[in-house]
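In the two complexes below, subunit A is the common chain; its partner is subunit B in one and subunit C in the other.
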Partner chain A sequence: MSSKESNETNKSRRQFLGAAAATATMTVAPGVTVIGLAQAKPVDQAVSSKNRWGLLIDSNKCASGCDACVTACNTENGIEEIHGPETDPQWIRKVTLKHKASGRETSLPLMCQHCEHPPCVDVCPTGASFRREDGIVLVDRHTCIGCRYCMMACPYKARSFVHETLTQQVEYMPRGKGCVESCTLCVHRVDAGSGDPACVEACNKENHNAMMFGDLNDKYSDINQELRAYKTRELRADLNLNTGVRYRGI
Partner chain B sequence: MSKVNYTSLEANSKGFYGLMGVLAAVILVALGAVYYMEHNGHWVTGMNNQIVWGLPHVFAIFLIVAASGALNVASIGTVFGKAIYKPLGRLSSLLALALLTGGLLVLVLDLGRPDRLIVAMTYYNFKSIFAWNIFLYTGFFGIVAVYIWFMMERKMNKYYKVAGYAAFVWRLILTTGTGSIFGFLVARSAYDAAIMAPLFIALSFSLGMACFILFLMATYKWSEKELGDAILRRLKNVLGIFVAAAFYFVLAYHLTNLYATEHHGFEAFLLTGPSGHTPLFWVGQILIGTVAPLLIFYTKMGESRSAIAVGSALVIIGGFAQFTTIIIGGQAYPMPIFPDYEVISSSFGDAAKYYAYTPSLPEIVLGIGGVAIAILIFVFGCAVLRFLPDSLADKVADPHYKAESSA
Partner chain C sequence: MNKLLVILASMAVLLIGSTASAGSPKPLPNLDNVQGDKCVAPKEVIRVEHMEYIMHQRDETMHRGIRTSKHSLKGCINCHIVKGDDGKPVNFMDDRHFCNSCHEYAAVQMDCFQCHASTPTPGPVAAGK
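Right after this comes the complex of A and B.
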């Protein structure tokens, strides 16, 4: 092989490698960027306290009579109507309020407030109620004995007891008779980095945009920016629980 | 102190087997109720997502609190050195163990997952008072069992005082733990109060003593042993003091709540409200459980044996009403999630003025089953070991007391 031929080959190899690298970058980069934006973590990496997942709910935008968030939650987590509202689990509920002084009516969704100091976690005898490092409060269905002490302790009545055998379960959200459960902030979505919780997604789909999900600790996140810009409220702020769910408009 | 002869209950009689048979039948039916509730899930009970603890918890906590108080008589004899009570120490300890077993079984069998009891024994969150209680209850069994052993075994007799002191301290801690189940609940108007612990201790004194008097009278009547007035009158006088002490804590609790505006809603609900808890409080707890027994015990009526029995039974009925208003009434009043707002509507009952609760038959049966277990253990214990002083006639009981108290 002559030196000229060799140079030609090297040139074409270089061109090929360059094109391949560019293609690879073009393919992977958006994914990396999206992961960065969503702050998702690889599945084998533990959650960390660098994140604090939370919700901001603007009751001014929450439409009276709309329960898209409730329906979406039920569908997402396989929650069905069984024996009526008294015993059926409700992870999220719509509440309509009337201000005592002004008479102004407003409505809002209420769910687990994902407290920094959750009373449900304090009282749980087996440690089945727990708070993840990233602020999500969950129930370990393997160690919950169904004593319901957490339901006595929760200031928001955010927890439900499973009063009967369940059939239509979804694979990513195993539930069971005799255990207590509540909103998980759609933890399966959070861990997969696949977007907002079902309630937030449904609210946005209805163009109400009353719910915002994000990382309270990330100063560039929309939710953090909103919290900086506007006055928000914790429910039962007197208890100093530092809730992960904040409200505007009440 | 002269020697006391102890005997066991005559087990070889139709009456004994009849009683054991009835108790066993009740327990079997209760187990059937447990199976029914466990198999179907809790929707078949009166409990729901608002009233999460119902009648089984009233029975369970009543029995657990009374268990601690059933040890009164042993403590007064051992710790406070009152000789007249000393012969009753064994019986008092046995009753404490029997009542605790009944109460704990009801509590455990009402769990959503009773099959996971082993989880409760192996996974602990030590910030939870429930987790602490698991140790307090099992520790109580151990200490009282040793206490009984030291009282019964002549060789160990010299150590029984130490065991008695340990049991006395332990039971105070235990009932502090039971009261704190509610005292530590920050969210609800009815709870979140340190006074829950001493209130429960005072209640344990009165309810435990009332149970002891009734068990003592029944045992001595059916076994045809002599039970003198001297000991009974003393017991009912002490019971009266305990009833008054419990009332004092109730008074302090409500006065404090009535002073603080934030608790006015709950007080109005309980004291004047439209629910069944109002008559339970005024008629059940105050009239039947407090005023009537005090009238009986501290007037001429208190000299009559049957009146003492009736008074003790009234204390028990009042205590039951009180635990119902504490446990169920405390949940029935909605939590103040939005203090500035009135709730117009909610799918989860937030707009309710209060939450109603009607116990289902299986819950009632389970509770009665717990009582039956307690009675069965007590009767069985009396039959197999020597728990009963042969005679508690005045001439046996009183001279001891005089001899000891003058020393």
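Right after this comes the complex of A and C.
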């Protein structure tokens, strides 16, 4: 089959699925909504504050010694090892917490917490550090001057500076020397409506299922249900940043 | 009169010397490397306006998550592929690269590719495509 034909097939398949989804929503009795349909945003529409993307991390399920999420993040975003962890960008790092009295150790991945009130945005002198309407905190590298105030301001040390000239960027994640960067919640995937961030995907693949991604505002989303059912914590809740990343088991 | 001739002659020598040291002029860019039928705008328009288009799209994508491909840099890169001797698309360091061939000719520096990929990402691209 030629590639043109196969494209056309896919297109008609997509249209069929779209129509099927629309019908499903329409035929359901009044007052009943269909749960679990992927709500992909049309590419030409702006993100809105109706959504608030976030992560729920269950540190009880997070295996110590496993760094599948870190590796997946690096692969997905084209982050290569250059000089080692001292100076290389790290969008996620695995952290081990130890309770002083009991000696209990907890392992968890730590990344940008996508705060509602991000200190990195407050201190940015150029407006490069910003929070999208849907809660994802990003760096606009076009306006970032590399001053690194945000790195100082972030209580989670979630941001990294790119020290070296890069050449192997992937097309959906432009990165370059002289800019600060951090976890984007795989914003390219979020906008495409194509599933979980790379870290969550990798964690599920390892059968650890310690990470869950979703819309905190959507009361039918899995993450929202979990947050309602179980007690979760924000890191440094005392700072009142209302983080988009929540933890269980710490 | 003789003095004037000497001055003129030495100026001519200097001139020739300086042009020779500047190297041969850049070749005319090849603008026919297009995959589809036509560009998103007529040639005359795109030559003058392309930077405005991608600048506008850049802010729309970055801040508002609008990812239409019509005026995206990724759209340009995926369409204007120039293949090298090894059959792979050349990157912006190569004189034959679509963007580079023209920018070299016009002596206009572009910073896009310090961060952006200048060739399509090969293989089954993750969800982000």
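Everything below uses one rule, namely that the second predicted complex is superposed on the first by the 214 of 250 C-alpha atoms of A that agree within 3 Å, B and C clash if a C-alpha of one lies under 4 Å from a C-alpha of the other, contacts with A are read in each partner's own complex, and residues count from 1 in each chain.
Quick note on the criterion: contacts are C-beta pairs under 8 Å (C-beta built on N, C-alpha and C of every residue); 3 or more make two chains touch, one makes a residue touch a chain.
All of these numbers come straight from a predicted model, not from anything done at the bench.
Undergrad: For the combined arrangement obtained by superposing on subunit A, do subunit B and subunit C clash, or do they fit?
TA: Because the two structures are overlaid on the shared chain, the partners are seen to fit without clashing.
Undergrad: Now for A:Glu76: first (subunit B), second (subunit C), both, or neither, which partner does it touch?
TA: Only subunit C; A:Glu76 stays clear of subunit B.
Undergrad: According to the contact criterion defined above, which of subunit B and subunit C contacts more residues of subunit A?
TA: Counted on subunit A, the partner with more touching residues turns out to be B.
Undergrad: Counting only touches as set out at the top, which of subunit B and subunit C does A:Gln169 meet: first, second, both, neither?
TA: second
Undergrad: Report for A:Thr126: first if it touches subunit B alone, second if subunit C alone, otherwise both or neither.
TA: first
Undergrad: Looking at the overlay, does A:Glu86 come into contact with subunit B only (first), subunit C only (second), both, or neither?
TA: In the superposition, A:Glu86 contacts subunit B only.
Undergrad: Does subunit B (first) or subunit C (second) touch A:Lys177, or do both, or does neither?
TA: After superposing on A, A:Lys177 lies in contact with both subunit B and subunit C.
Undergrad: Does the superposition put A:Ala192 against subunit B (first), subunit C (second), both, or neither?
TA: A:Ala192 contacts subunit C only, not subunit B.
Undergrad: Can you work out, in whole Å, how close the C-alpha atoms of subunit B and subunit C get once everything is superposed?
TA: 11
Undergrad: Which subunit A residues contact subunit B in one complex and subunit C in the other?
TA: 142, 165, 177, 179
Undergrad: With touch defined as at the start, can you tell me which subunit C residues reach subunit A in the complex?
TA: Per the stated touch rule, the residues are 58, 60, 62-69, 74, 77, 91, 114-117, 120-121, 125-129.
Undergrad: So in the complex, the part of subunit A that touches subunit C is made up of which residues?
TA: These residues of subunit A touch subunit C: 41, 43-47, 76, 130, 132-134, 138, 140-142, 165-167, 169-177, 179, 186-192, 194-195, 198.
Undergrad: Sort out for me which residues of subunit A touch subunit B in the complex.
TA: Counting only subunit A, the residues touching subunit B are 67, 70, 82-83, 85-90, 93-101, 105-106, 110, 119, 121-128, 142-149, 151-157, 159-165, 177-180, 235-236, 239, 250.
Undergrad: Where on subunit B is subunit A touching in the complex?
TA: 38, 40-43, 48-50, 52-53, 111-113, 116-117, 119-120, 123-125, 127-131, 134, 181, 184-188, 331, 335-338, 340-350
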